[in-house]
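Have a look at this one before I ask anything.
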Amino acid sequence: MKIPAVELLNVVKRFAEYEAVREVSLQIGQGEFFSLLGPSGCGKTTTLRMIAGFEQPTTGTISLLGEDIRGQPPHRRNVNMVFQNYALFPHLTVFDNVAFGLQVKRIPRAETRRRVAEALSMIRLPGLEHRKPAQLSGGQQQRVALARALVNRPAVLLLDEPLGALDQKLRKEMQLELKRLQREVGITFIYVTHDQEEALTMSDRIAVMHQGRVLQVDGPRALYEHPATRFVADFIGVTNFLQGRLVSIADGTARVEVDGLGQVRAHLAEGIEAGQKVTLAIRPERMQLLSSNLPGGDNHAPGIVEDIVFVGNDTQYFVRLNNGPQVMVREQNETPLSEASMVSVGQTVGVRWSPDSTSLLPE
Amino acid sequence: MLKRTPAAWALMSPPALALVAFFVVPLILMAAFSLRPDIRGGLFTLAWRPTLEHYRTIVEGEVYLPLLWTSVRVAFGVAFFATLLAYPVAYFLVFRARQRGPLFLTLLILPFWTSYLLRIISWKIILGSNGLINSLLEYTGLVDEPVRLLLHSRLAVIVTLVYVWLPFVALPIYAALQRINRSLLEAAAILGAPPWLSFVRVTLPLSLPGVLAGFLMVFIPTVGEYVTPLLVGGSRGRLYGNTIETYFGDGNNWPLGSAMALIMLVGVLALVAIVARLVNLRRFVE
Amino acid sequence: MANGRLSTLLGYYVLLLVLLYVPIGILFLFSVNDGVVLAFPLKGLTTHWYRDMLRNAALIEALRSSAIVAAASSVAATGLGASAAIALVRFKFRGKALFVAVALMPLLVPFLILGVALLILFAALDVQRSLWTVGVGHMIVSLPFTLLIVMSRMVGFDSNLEEAAQDLGASYAYTLRRVILPLIAPAMLAAWLVAFTVSFDEFVLASFLIGRSPTLPVYLFGQLRFANRFPQVVALAVVVMIASLGLVVLAEWLQRIGTRVSLDRRVEESGEVQERRQTVP
């Protein structure tokens, strides 16, 4: 097995008043696009900065390609960083900015010029060498910051919410661009963001963080389909939550008594015992609207449509199940019109969803 | 932006009038005065014909221009050393003192609140031949007679002026260093630059506007300095300003004094204009 | 962070600070020295110079003159500077660059030259030199500072506030009085303090432009010849210095209390003991 590019073991970071990072352990593989995802204050940026060397862990170890780097100052670590505000040197040209790291290492002029040109064409900004950062647009500055980091061929590239200042359209473009770039260059990327859609788009694996802890590390699909905690389920995408108690386990599925609904079958999860209070999480698009209540092997319940919202690509139906909990069912708008689209507010409908799409969460 | 012109006129007229009446007009009068042969007939008679004889005196005389050049060199030296000594202090306040920075800065500026004259006098007390240093030296037996060189010399003038201006120069340098975004230094570090290289390639260049401002802030007033030379310079420490002051006092040759003043003013303004042009040019070249 | 580097710079700062304060310490010593000349070995300590100072009418008179000139010129400079600042930042008209250039020029003119020029002006107008003429000079040299200070404050706040006021029917004069002036008041206070300081200690202009009654710096200079009266003057300067020190400390303390009070209130209002913290930068 290959040495992980970066490994954090039981890392804790305590500031004077509070703990920013609590017992974080991560293994990031070489060549991976790895994201740290979470809301503001969850500790993701602090973790990134500890890998860079701008903060020191209070306890725990950090290794880069197997080597303990805790004692090393930032300028000796074989990592580079793309900053949130780009941090381009305002008094230097684009060329001098990108060449900075190479000039520090005293790389000969000819090779520097070649590598800078290569980096600039890689980010698709050739010919801008003599401009100053102030003369570039936000998107251009961001790419120059990227080139400046990549040209040094670091072992790991750290990115601290680099797309935050860009407008929506440009952001989406850059997300795909970054993913493509990472594949092409093959360097390990560690990416910090609070935007779950962004993380899902670009990452090979994502670590969801909250209040200094890592809640779940998984690929985008697994994270989305099988969130491990309520917070993760809530943070990633939109979810329907049902409260209940685990009654029994049979045929490889869990049977949960849901308040107001009766028994619901769910995807089995480890570590939860019978009698425990649980939450069920179901994605809105995994629920199906039926004009009448048809029994079958799946979970189903009758309900009354309380609201219908048209959102372009989909339509959202807010349905109160069995006079109990309200759920949101999302159906894609298609032509020819499906059964669902002939539903109106106040109508009684049936809602169906499979146990496999029902995640079982503790608490 | 509002375009309410009457209000604008009302607001701008008093300051504009004050400036014209008490700044522009006096300088023009001074220039006119420099063309008068003498002050016969009183101060505001119009019965005189303009002459350039004072300017000729200044340019051809062997005293005036060399003295002006000396004053410029002294001013340059003072500004240079004051800036050089102030830079590490400003750096310390911004990058090491962090939250206590403003407090330490205040401590530094506080001497500035004492009388300017008295700070100069204090050096007279320290450097004089029966002053503190000399009496200490004599008391401890290190010298047999007072060291006269300490006082009444150009060196005394320079040291005193550097001392007087030092806290003040630190201010613009402090401001410029403060304005540097810390992430720039982190970027330099992560790109492999050790701290000294970060300083040379990032901090120093970005602080230069503040350094230049501080330098000029000292240089310009010092060119016209005459009080310090009077008090601690003796005859060897006389500067151009002393001569001007004499012509308006006992020497009683206002036109010649005006001519000298005008030449100095033009010289200083020309220098500042050249520096300003250089600074702007450099920005384009880079 | 290499500790070696920290202590070198700290050491340099402390050394410089000590060197800066030594002459002041010397002055203080001088003011309590029993004798007219400060030399080693020190003869003895006394406070009689301070008593003499208080009885020296001319000295007190000079102090009063300085205070009057400083107060008047600083108020004038602040008023003019604020007036120009408001117009420059909020209105469109031609000649702005020219005005600012001329207004800032006193910074580039050595006081000697300005003193000479004003001397000529007043002589030509047959105006007697007096505290008023000194005040005029001080007003002109303080103007660049007051202008810059108030301008930076004007730039910092929203012009929409004024437009909103006028939208609600207020005349410009009313808007000025009730909206703009209250908002720039702190800056005007700061400008006034700077102008006061510049004037109080100013020597060159004063020496050219005073009439019969000297300002404190001019009086001081005149007393330099009388070595036996000199320590009194130093005693006064020490008192002035301690007073200004006290003022600065008071100002800092007041500022700190102000911030702490508003911070405490904010914490109480949010109902939490610990502030919810953002990601650490």
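Just so it is clear, A, B and C label the chains in written order, and each chain counts residues from 1 on its own.
In the analysis below, a contact is a pair of C-beta atoms (placed from the backbone, for glycine too) under 8 Å apart; a residue touches a chain by one contact, two chains touch by 3 or more.
Here the structure is a predicted model, which is why all the values come from computation and not from measurement.
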Report back the single chain whose CA centre is most distant from the CA centre of subunit A. B
State the pair with the higher C-beta contact count; candidates are B-C and A-B. B-C
Using the average of all C-alpha atoms in each chain as its centre, how far is it in Å between subunit A and subunit C? 56
What is the distance, in whole Å, between the centres of subunit B and subunit C, each centre taken as the mean of its C-alpha atoms? 18
Expressed in whole Å, how far the mean CA point of subunit A lies from that of subunit B is 59
Among all residues of subunit A, which ones touch two or more of the remaining chains? none
Could you pull out the residues of subunit B that touch at least 2 other chains? 195
Could you list, by residue number, the parts of subunit A that touch subunit B in their complex? 52-54, 73-77, 79-81, 83-85, 87-93, 100-101, 104-105, 132, 148-149, 152
In their shared complex, at which residues does subunit B touch subunit C? 1-5, 7-8, 11-12, 14-16, 18-19, 22-27, 29-30, 33, 43-44, 85, 88-89, 91-93, 96-97, 103-104, 106-108, 110-111, 113-119, 121-123, 125-126, 130-132, 135-136, 138-139, 163, 166-167, 195, 220-221, 223-227, 231, 241, 244-245, 248, 254, 257-258, 261, 264-265, 268-269, 272
Of subunit B, residues touching subunit A in the complex: 181, 183-184, 186-195, 197-198, 201-202, 205-206, 286
Along subunit C, where are the residues that touch subunit B in the complex? 2, 5-6, 9-10, 12-13, 16-17, 19-24, 26-27, 30, 37-41, 79-81, 83-84, 86-88, 90-93, 99, 102-103, 105-114, 116-121, 123-126, 136-137, 139-140, 143, 147, 159, 162-163, 172-173, 197, 201, 203-204, 208, 216-217, 220-221, 224, 234, 237, 240-241, 244-245, 248, 252
